[in-house]
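Next come the structures, one after another.
In the two complexes that follow, chain A is the common piece, with chain B as its partner first and chain C second.
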Partner chain A sequence: MKRYDLIIVGAGPSGLSAGIEAAKKGLKVVVFDENAKPGGQLFKQIHKFFGSKEHKAKIRGFRIGEELLQEANDAGVEVVLNATVTGMYQDKEIIVRISDEMHHYKGDAIIIATGASENMVTFPGWTLPGVIGAGAAQTMMNLHGVKPGNKILMLGSGNVGLVVSFQLMQCGCDVVALVDAAPKVGGYGVHAAKVARTGVPFYLSHTIVKAEGEDHVTGVTIAEVDEKFQFIPGTEKHFDVDTICLAVGLSPMSQLLKMAGCVMEDNPKKGGQVPICDEYGETSIPGVFVAGDVSGIEEASSAMIEGRIAGVAAAKYLGYMDETELKGKVTELEHALESLRQGMFAPKNRGKAIEETEEGIAISKNLLKHGFVADDEIERFPGVTHKAGIHPVMECTQNIPCNPCQDACPKHCIKIGEKITSLPAVDESVDCIGCGMCVASCSGQAIFLVDETYEEGYATVTLPYEFLPLPEKGEKGTALDRSGKEVCEAEIVDIKTSKAFDKTNLLTMKVPADMVMKARFYKRA
Partner chain B sequence: MNSINDRSRYIGEFVPAADDDMLICRCEEITKGEIRKAVHDGMFTLTEIRRYLRTGMGLCQGQTCAKLVKGIVARELGVSPAELEPVTSRAPMRPTEMKVLGKEVKEEE
Partner chain C sequence: METRIEEHPILGKQETGRLVTFYHDGKALQGYEGEPIAAALKAAGVMVHRYTKKEHKPRGIFCAIGRCTDCVMIVDGKPNVRTCVTPLKEGMKVQTQYGVSAEPEK
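And now, the complex of A and B:
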C-alpha cells in the first residue's frame, strides 16, 4: 500500500490551499479529486470576488483557481485527477478508484475537503428535462461553453441564484424571473441590484407550483405563498420557459467522514450533516481534518483560509511544526477568516431581521423585496453624494466584508476605514479625476461615475458593463433605472476598456439631467 | 430506546395526499406516497426506509433525494429532520461496477 504523510480528498479551493501549506512544510502530500479538472467550483466563477486584498478580492474566481494551482504545483503537491475516493476506513486508509482499478492508500494525516452538493426541491414536473441545478448551469456555461437554455426561470435569491442569473444573461439567455419562497432576497443586495437593473423581475414570497411540458420543460407556473409557505389561490403567474434553474442551497458531502467514524452533528446552520471539529478543523479522530464546505456551507474565500489552517494543523500533528509556529500561523489566518465572517450576512446573523446598517442607517426594504434600492431610499447612504463635475456614486447599502474600492481610487476619495464591512463614503473635499478605477474594482458593480453638469440639460452616467458585444460610441439606446424600467433615451459617449479593469468595461451614457440619479443600465436598441 | 423509534407510538393513519404520486427518488423511481406509506408500515428510520424501498440506493446514491426523503419521513413522524439518524455511509461511496471493485491494485511500498 502506498503511503503519504498527508492525503487530501478534493482539489477545490480548500483542498489545494491545505496541500500548499502542508507541502511547504515538507510533508509528502497527495490530493485526489474525482473530477477531470482541479479547482472545484473556482473555475466556474467568472465574477470578481469580494473581500479585501488578503482574500484576493476583485480577482475573478477562475483566476484565483489558476493561481492556486500554480502555487500547489510550485510547492510540490501531487494532484491526482479522475480519482474517486470511494471509501475511508479506520487508521486513515482510503480506497480510490482510478480508471477501472481500485487503489489503496494510507495517510499519516487526512484532510477531507469534498465540498457540497446542490439541494433540490420537488414540484409537479421537477423531473422533466430542463429542470437543472444552478451549479449545473454554471458547469455548462463556464466550463463547457454550452448555453443551458434560452428562456430561464431562476428559483432561489441567495448569492448562487443571483450570480448564476447574471452569468446566464452574460451567456445570452433571457432570465424571465427570479423567484424565492422567502420574503426577502437572501444574497448580497449588490448582486440582486445588478440583475434587477437589467429588467429581471423579482418574485419574493413566491415559489413554483408546477413545471409544464410533456417530455421537456415548456413553461412554469409560480404562485405567492403565505407565512406558512402555503400557496395563496388566485396568485398564479405563468411564464413560457425552456429551463428552470434551482439554486436552493447546498449540503455538505460528508459521507466519508461518517464512514470513517467521525462524530457528526446535523446542524441546519451549517447546511446539514457535518463533523464536529475544533478550531483547526480536526475531527473527533486525531489526524483527520476537514476544510471548506464539507465542514459547513460558506463560500470559496473562507474555504481557502480554512484549508490553509487545516494544512498547517496537519503539519503540526505530524511534527513538522511546533506549537509556537502553529499558533503564529493560525492567529494570522483566523484573523483573515474572522473578517470575512462579519457584517449582515455573517453566519452568526443568519435568520436575523436586520433593520439598520452598522452606521445606523435604515436598510433598503425595497432591495430586500424587489432586488433594487428605491429612488427615495438611495440618497441616505454615505456613498451617494452630489457635486458639480464628475464624481463617484456608490450604491453600496449593506455591510458586507469588502473593500477594494478604497484602494482603487488614486486620489483616495473613497473611505471605508479599518472595519472591512463599513459602507464606503465619499470624501467630497478630494476631486475625482474620473479614471473609473473604483467602478471596475467593485465586485458588486455598485459604483457609478456621474457628471451632473456634463452639458446644458444633460448629464452622464458611467456604469460597469460586462456584456458582449459592446455598444459603439455614438450609438443611441435606452437607459433603464434600478428596477430595469425604461426611463429615457441614452447616447453612448465613451467606452473604456483596460487591462486594469479586468474585463469590466466602463460605459458612459448621456442622459437628460433629471435622469442622472435614475439611469443605471443601458439597453441597446 | 430513542423515543422517535418507539414503534408503539401512534403517528396517526395514512392520509392520501394530492402529491403522493410525485417522484422523490429518481434513480429508483420511488414516490412520495410510497415513502409516507412505508412510515405507516412501521419504517421509522431512514435506514429502514432505504432497505424497504431502495430510496437512495441507485446511481446517485442519495445525493439528490436523501434530504428530501428525510424531510418527508420527519414530517410523517412529526419530528424535526435534524432529529432523525442519517443513513449509514459505506464504501463504495460512488457507484462502482463489480468488475472494477474486484480489481484491486497492489501498490509497491
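And now, the complex of A and C:
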C-alpha cells in the first residue's frame, strides 16, 4: 500500500487548486481522476467567466484550465489519470481502479473534490438516442469538435441551459426553443438575454410531454404546466428536432464521503446530499476535507477558491503550517469567496422571489418570463443613459458578482464601486472614446455602444458578436430587437477584432435613429 | 448536414489526430485517431449504439463522459465498452450491442 501526505480525489478546478496550495507547502500530494485529461469541466467552458478581476473574471473557462494545469505542474502536483477511486474506508484508505487493476493507497489527509453529476428528468421517449445531457453537448462540441445535433430543443433555463444554448448556436446548431417547467428563468438574465435576442423563443411554465421517434429523436411535444406542474390540455406545441438537450440541474457526487462515514445532510440549497463541513471544508472525520461542487453546487470560480482553502487547511492539519499562517492565507480567500456568494443568485437566496435590486429598482418581469428586458423596462436601470455622441448602454439589470467592466474603461466612465454585485452606472461627466473595451469585457454580453446622433436620421449600435462567419463591412442585413424579432434593416459600418477583445468581435451597425434603443442583434441576409 | 465543426468562433480550427478507417457493423467509416469512438460515430451519423436486453429499445450517447453507460458497444469483440471515453484506433471493429451480445435475439 502506497502512502501520501495528501490524497485528492478529482482533478477539476477545486482538486487542482487544493493540490497546488498543499504542494507549495511541501506536502507529498497525489490527485486521482477518472478521466483521461485533467481540468474537470473547465475545458468545456468557452464563455468568459463572471466574478472579480482578481479572480479570473472575463477569462474564458478553458484558459483558466490551462493556467491551472501549468500552476499544478510548476508546484509539482502528481496527477494520476484514468484512475477511478471506487472506495474510501476508515483511516483514510482508498481503493483506486487503474486500467483493470485495483490499487490501495493511504493518505494522512484526504480532499474529496469529485464535483457533481447531471440531473435527469424522465418523459416518454427520454431514452431515445438524441436525448442528451447538456454536459454531453458541451463535451461533443467543445472538446471533440462534433455538433451534438442540428435542430435542438433545450430543457432548462438555469445557467447551464442558457450557456449551452448559446454555445450550440456558436458551433452552428439551430436552437428551436428553450423550455423550463419553472415560471421564471433560473439563470443569469444576461445569459438569457444573449440567447433571446438571436431569436430563440423561451417557454417558461412548459415542459416536455414526449420525445418522438422510433430509433432516434425526430420531434418533441411540449405543453404548458399549471402551478402544480400538471399539463394544461390544449397547450401542446410540436417541434421538429433531432436532439433534446437536458439541463435540469446538478447533484453533488458525494458517495465516497457517505461511504467513509462522514455526517451528511440533505440540503436543497446545496443541490442534494452533502457532507456537513466547517469553514475550511473539513468534514466530521478529522483530516477529510471537501471542496467544490461536492460540498454544494456553485460555480467553478468558487470551487477554485474552496480548493485553495482546503489545500492550506490540510497542510495545517498535518503540521506543515501553524494557526497564524493558516489564518493569514485563508482570510483573503474567504473574503473572495464571500464576495462571489453575494447578490440575487447567492446560494442563500435560492428559491426566494426577489422583487427589486439592491438599488431598489424593480426587477424586469419580462426578463424572467421571456428571457429579455422589455422596451418599457430597460430605461430604469442605471447603465442605460442617453447623450449626444457615442456612449455605453449597459443592460445589466440583476445583482450578480461581476465587475470587469469597471476596469475595462480606460476613461473610467463605468462605476460599480466596492460592492461587486452593484449594477454598473455611467459617469456622464467623462467622455466615452468608443474603444469598445467595455463591450468585450462583459461576460454577459450586456454592454452596447450607441451613437444616437451618428448621422441625420440614423444611429449606430455596437454589439458583441461571437459567431461565424463574421459579417463584412458594408453588408446589409436585419437588426433584431431584444426578443429576437426583426425590426429594421441594418448596415454594418465597422467590425473590430482585437487580441484584447479575446474573440469577442465588435459589430457596429447603422440603424434608423428611432431603433437605437431596440436593435440589439444583427442577422445576416 | 456537416457534423464536424470546421472552424469555431472561439476555439478556432480543431486539432485532430490522423484520419483512420474503422468498421461499424462491418461497414468502413473514417474518424480521427484518438477521438472517442462515439464522436467518430456521431460525425458519421450513427445514432444507435445498442439495444436493451429486455425491451430491445435503442440507446445512444447520453452523458458523453463515461458515467451513464448508455453508449456501450462491442469493440474488437469485447462487450460493454463505453464508446464515449474509449479512444478510436485504426482498424477497430465496433459493433452494435444487443443486450450483451453482438447478435439480435431471435
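The rule is simple: the second predicted complex is superposed on the first by the 525 of 525 C-alpha atoms of A that agree within 3 Å, B and C clash if a C-alpha of one lies under 4 Å from a C-alpha of the other, contacts with A are read in each partner's own complex, and residues count from 1 in each chain.
The working rule: contacts are C-beta pairs under 8 Å (C-beta built on N, C-alpha and C of every residue); 3 or more make two chains touch, one makes a residue touch a chain.
Since the structure is predicted, the reported quantities are computational estimates derived from the model, not experimental observations.
In the three-chain model built by superposing on chain A, chain B and chain C fit together without any clash. By the touch criterion defined above, A:Q170 lies against chain C but remains apart from chain B after alignment on the C-alpha atoms of chain A. By the document's definition of touching, both partners, chain B and chain C, reach A:S117.
In the superposed pair of complexes, A:T127 makes contact with chain B and with chain C alike.
Of the two partner chains placed by superposition, only chain B is touched by A:H104; chain C is not. With both structures placed on the common chain, the touch criterion links A:I95 to chain B but leaves chain C unconnected. Aligning the two complexes via chain A yields an angle of 60° at the C-alpha centre of chain A, spanning the centres of chain B and chain C, rounded to a multiple of 10. Legend: residue contacts after superposition of the two complexes on their common chain; A:T235 is shown touching neither chain B nor chain C. By the touch criterion defined above, A:D215 reaches chain C but does not reach chain B.
Looking at the shared chain after the overlay, A:N349 reaches neither chain B nor chain C. Of the two partner chains placed by the overlay, neither chain B nor chain C lies in contact with A:T198.
With chain A fitted onto itself, chain B and chain C come no nearer than 5 Å, counting C-alpha atoms only.
Across the superposed pair, chain B and chain C both touch chain A at residues 34, 117, 127.
Interface residues of chain C facing chain A in the complex, by the touch rule stated above, are 1-5, 7-11, 14, 16, 35-36, 39, 42-43, 47-49, 57-67, 70, 84-85, 87.
Residues 1-3, 34, 84-89, 95, 97, 100-105, 117, 119-120, 122, 124, 126-127, 251, 253, 255-256, 258-259, 264, 266-268, 272-273 of chain A are the ones that touch chain B when the two sit in their complex. Within the complex, the chain A residues that touch chain C are 34-36, 46, 60, 62, 117-118, 127-133, 135-137, 139-142, 144-148, 150, 170-172, 215-216, 466-468, 503.
Across the complex, chain A is touched by residues 19, 22-24, 26, 32, 63-68, 81-84, 86, 88-94, 96-97, 99-101, 103-105, 107-109 of chain B.
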